[in-house]
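Read through the structure below, which is laid out as structure tokens, and then see the notes.
Each chain gets a letter, A, B, C and D, in the order it is written, and its residues are counted from 1.
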């Protein structure tokens, strides 16, 4: 940690900072530049809060020398993690993983129709919400337990793995019991209780990036899962909130190489939530693959016009099939296969 | 709702839209402008999702004519709501409410010292975390049950009311049982399960704005509490995430007159989280009062240099006392009293 | 245009709006929904400002039915524009265009070394600043006229075309006289005087997106060039300003399919400014190609450690060569060639 | 400057950094923490670009110890600057300055009516555009030279000072010749040529904050004016671009105390552009005064419904008069007078 003093900090303030550093069992290393003093701190352990020093008189700011996340950091775990979703592996060196399905499960017929189609086109994991975190309490909230039965049926018939979102402790229990992968949604990225509970399970976790989460916050949220003993976390970029209005969110594909540099965890990209318009999904899915993502997650619906949620961003089945034909060549160009 | 067609939409697409409108039991009103067609929809009920139409072929965008929130809307409830926190009232026409206290409860001595001080300076509600939502799992997480006992002791001695954050169902139960007001933090603004449970209690709720929440989303989150039968919601602006770096968040004071226009709920402002630097807290607290807020919430610490969290944004006790001397004149200038 | 009235708007206010519409020679079409009134407006012409109506009493908001840009709109010009930079064509159906070079021209040796290298690796246009818009007046400001002579020399030797930024009227004259393409930088995207002057020339214009420009504002800025009679505009995405800190800007690749839908103008992507870190440039360049961009612009330096500006985002020559070997396969996967 | 090395940086890379530091005539001070090396740099002069080091192999990031701006920094000029607009003084310790007027000058009658009114209500400076930077080339662009004559007339009659925006070199000449203060608009905050020309004049400059400018960038832009020898710069906050939609921009009032801490320049606030809705202007104007601003700038129109631009954010004359009655009490509460 580096503690930057204000340019007008007094010698007493500098000494008080050094003294607080020593009080915490650490070693201060003062350095005098032309414009201000800096105190380097060595000996620090995990979780030391920079605010401990930024609260002191005369301190201008505190710069961390290490990343705030630990278990998710490549610095502490050099080899790429490969996550295993009941036999479907996700990560560096693995096949690209395509997760596809409707926003919500609406009926058995809907789920089976889409499951058969996406399976045939090359997806290995099916997505679909049983519990929907809807912005308004007056909107459709999901099929809940009824959806579980439909999911079972579709899995038996197609062999697809299923990922579905857990919203709270009760739904998490159902997801752990019946699905192959737990999805933690963007709104819950910092629901630390839910993260810990997911970390206490043995099921792989798909951790979506919060709408206004920095990369550091996202990887630190992954630490909540990892620190409970569950090493199976896949990150999912799904767009961030910006001023731009041509898409529903701004898909931040540059986070893909950044995650690859700073972390050992796999990362996939969801261009459906990331753009909000079905016509932008195929080009952004191809771009995600070219950028080095380990997979993609897209919304597909047999009849988007009748979808109970997210219809505008759901691909028509033919669009999905067409996109799946383009992916292999892009994947190959960057050294991957589907 | 207005459905705007694309400029190249066909007559068939227009008819399909009108037909979908009728299918939902509503009435379509087509209007032809020079550049494109528009279909007005009448007869709609709460919770109709615009996506139902935006998913249709030929549709450019869907514009809601009504706000997405209902119970929080002034449109549906003209009179200002006054919230009662065990005798301390918050809202239009009431005295300004000052909530003050440390970020977290750290020890009995700390809590009692601060409680006596803020009480004397004019605060009526004390804030302080028992359960801390920390970004990293390796940081201080709060005193939990031990804090409850300290809070009781401080309440008995000072007569202050207490507001503290509930993070999950277990902590919510404790907060409902022992505190005077439930705080829902920014990270949980869209934790719909938690909102509903808070709505099922009889305790007033302080609903902080999410870091990237629009005003519509915030008021719609309030609807989750209100729709469970709990009418006592106070909104709290605490800064939004932007590109700006001179403050930790960007305090959006303009949301105060906007809330007053669109909603009947009281709104207070937290300039401590809103700026992140103690020296900016007093001017922004005065500005909040001038903008028409019904109260403020600030962090105060008897020894910020030793605070376990948020020290840099905690006011020194003398700063708080000084600020409390300036507030009455600003309040009076806008027709309020402290 | 649609004028949405407030829910409590009076009949007089509605009539005043209709009357103002008629006053402007247009036709009002009132529509009554359950919650509020709407007035459709037909007969409008270019450039009618929505604010004309939003200022009226009782008006809630005004929704445009047409896009605010005209000449840049695909709606008014269906066929893709192909821009000709002295024989190098840019646009749909053309070869991908690779523009490469240093941030600034620093010396003849530097420019010639880089020119020979990028030419050999497949670039057809060289970039490089003669006049630098530096944030601080105390930073290196460019070689100015000396750079022009160096550019001439490099062009003669390599046959590359040159694009360089014009900052003001004086530098624009030099750029028009000596370069093959005028670059308008992000900071000048709404420097309307400069846009008009560029529009009065015959040289193609590379119009970078402003750091906080919406797509509508960007295309409307293009209208300033186009409306002066210069049809040769290429758009360039270079990252927008968001809260994210893992990159210098957030590269918004989803704007590529959005531009292709709304406009006929070509679009290229600059991942060097878009990310700020050289290691993220190759994956994002490949992603840009996969997303459908008509070309890319990257910074390359023979000795980034000695670069006078933007060294951290400049590719090493070997990185550029390596990237140029990967591009053809991605291009081919989306039906393009290099 | 502090140069943070990557955790896996080699000893050779560290030495190369130290060596580059020495090459630039500066002194390197290596410091080894547990997780990585840091090199402190002393002896630096103005304008050293951090990128000089961030481009080197093994470097993680570079932290400046001094602010990038110089002449605008309180660090280098402790006393508050007071700007003199033909006898109207603006700055710490001075009376609050109220600038008011229409968005654009539209006719002699309009200007004179508004001038008389705002003068009588207590404004000392009149605002109003002669040259309008309109997003679309098809919108009203201002009265230009005709407006100059009207301005002269209004000044003679009322004794008000006039501030008006210069868009380019030609309009700057007219503004310097005829107005009392040069306004540089948000879109031109980094139009460095224009800033320098304004710096070469003797007229005070009102420098609006760019829509996506950090405080550092804004003060560094002020340096462009100051470094040409013109010390008379007043900053003007006018809202930044964020995701929020309840206002046109997000007025960042926290920048007021931040400017007061980091700079000696006066700062005023424009809540008209900052919010975009006239009803939010009075509360935000009062909030700006409470936050410590040295003045406000608001749009007022005798007939907003007929305004050629910005009607929705222009105060009705009665609203302005009403607001001017509330300001003195708020001003007095924070130790100022009107």
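Methods note: contacts are C-beta pairs under 8 Å (C-beta built on N, C-alpha and C of every residue); 3 or more make two chains touch, one makes a residue touch a chain.
As the structure is a prediction and not an experimental result, all values here were calculated from the model.
Novice: Which chain's mean C-alpha position is the greatest distance from subunit A's?
Specialist: D
Novice: Quick check on subunit C against subunit D: do more than half of the interface residue numbers occur in both copies, making it same, or fewer, making it different?
Specialist: The interface is built from the same residue numbers on each side, given that over half of them are used by both copies.
Novice: What is the distance in Å between the mean C-alpha positions of subunit A and subunit C?
Specialist: Chain centroid spacing, subunit A to subunit C, equals 31 Å.
Novice: Using the average of all C-alpha atoms in each chain as its centre, how far is it in Å between subunit C and subunit D?
Specialist: Between these chains, centre-to-centre, one finds 26 Å.
Novice: Quick check: how many Å separate the C-alpha centres of subunit B and subunit C?
Specialist: Here the centre of subunit C sits 38 Å away from the centre of subunit B.
Novice: Multi-chain contacts only, two chains or more: what residues does subunit C have there?
Specialist: 212, 241-243
Novice: Enumerate the contact residues on subunit A facing subunit C in the complex.
Specialist: Counting only subunit A, the residues touching subunit C are 212, 214-216, 240, 242-247, 250-258, 261-262, 274-275, 279-280, 283-284, 286-292, 326, 329-330, 332-334.
Novice: Which residues, counting only subunit B, touch subunit C once they are in their complex?
Specialist: 1-2, 4, 7-8, 29, 31-36, 38, 40-44, 63, 65-66, 75, 241-243
Novice: Name, in rising order, each residue of subunit C that touches subunit D in their complex.
Specialist: Result: residues 16, 20, 46-47, 49, 51-52, 54-57, 68-70, 133-140, 167-170, 187-188, 190-194, 196, 211-212, 217, 220-221, 223-224, 227, 241, 304-305, 307-312, 314 of subunit C touch subunit D.
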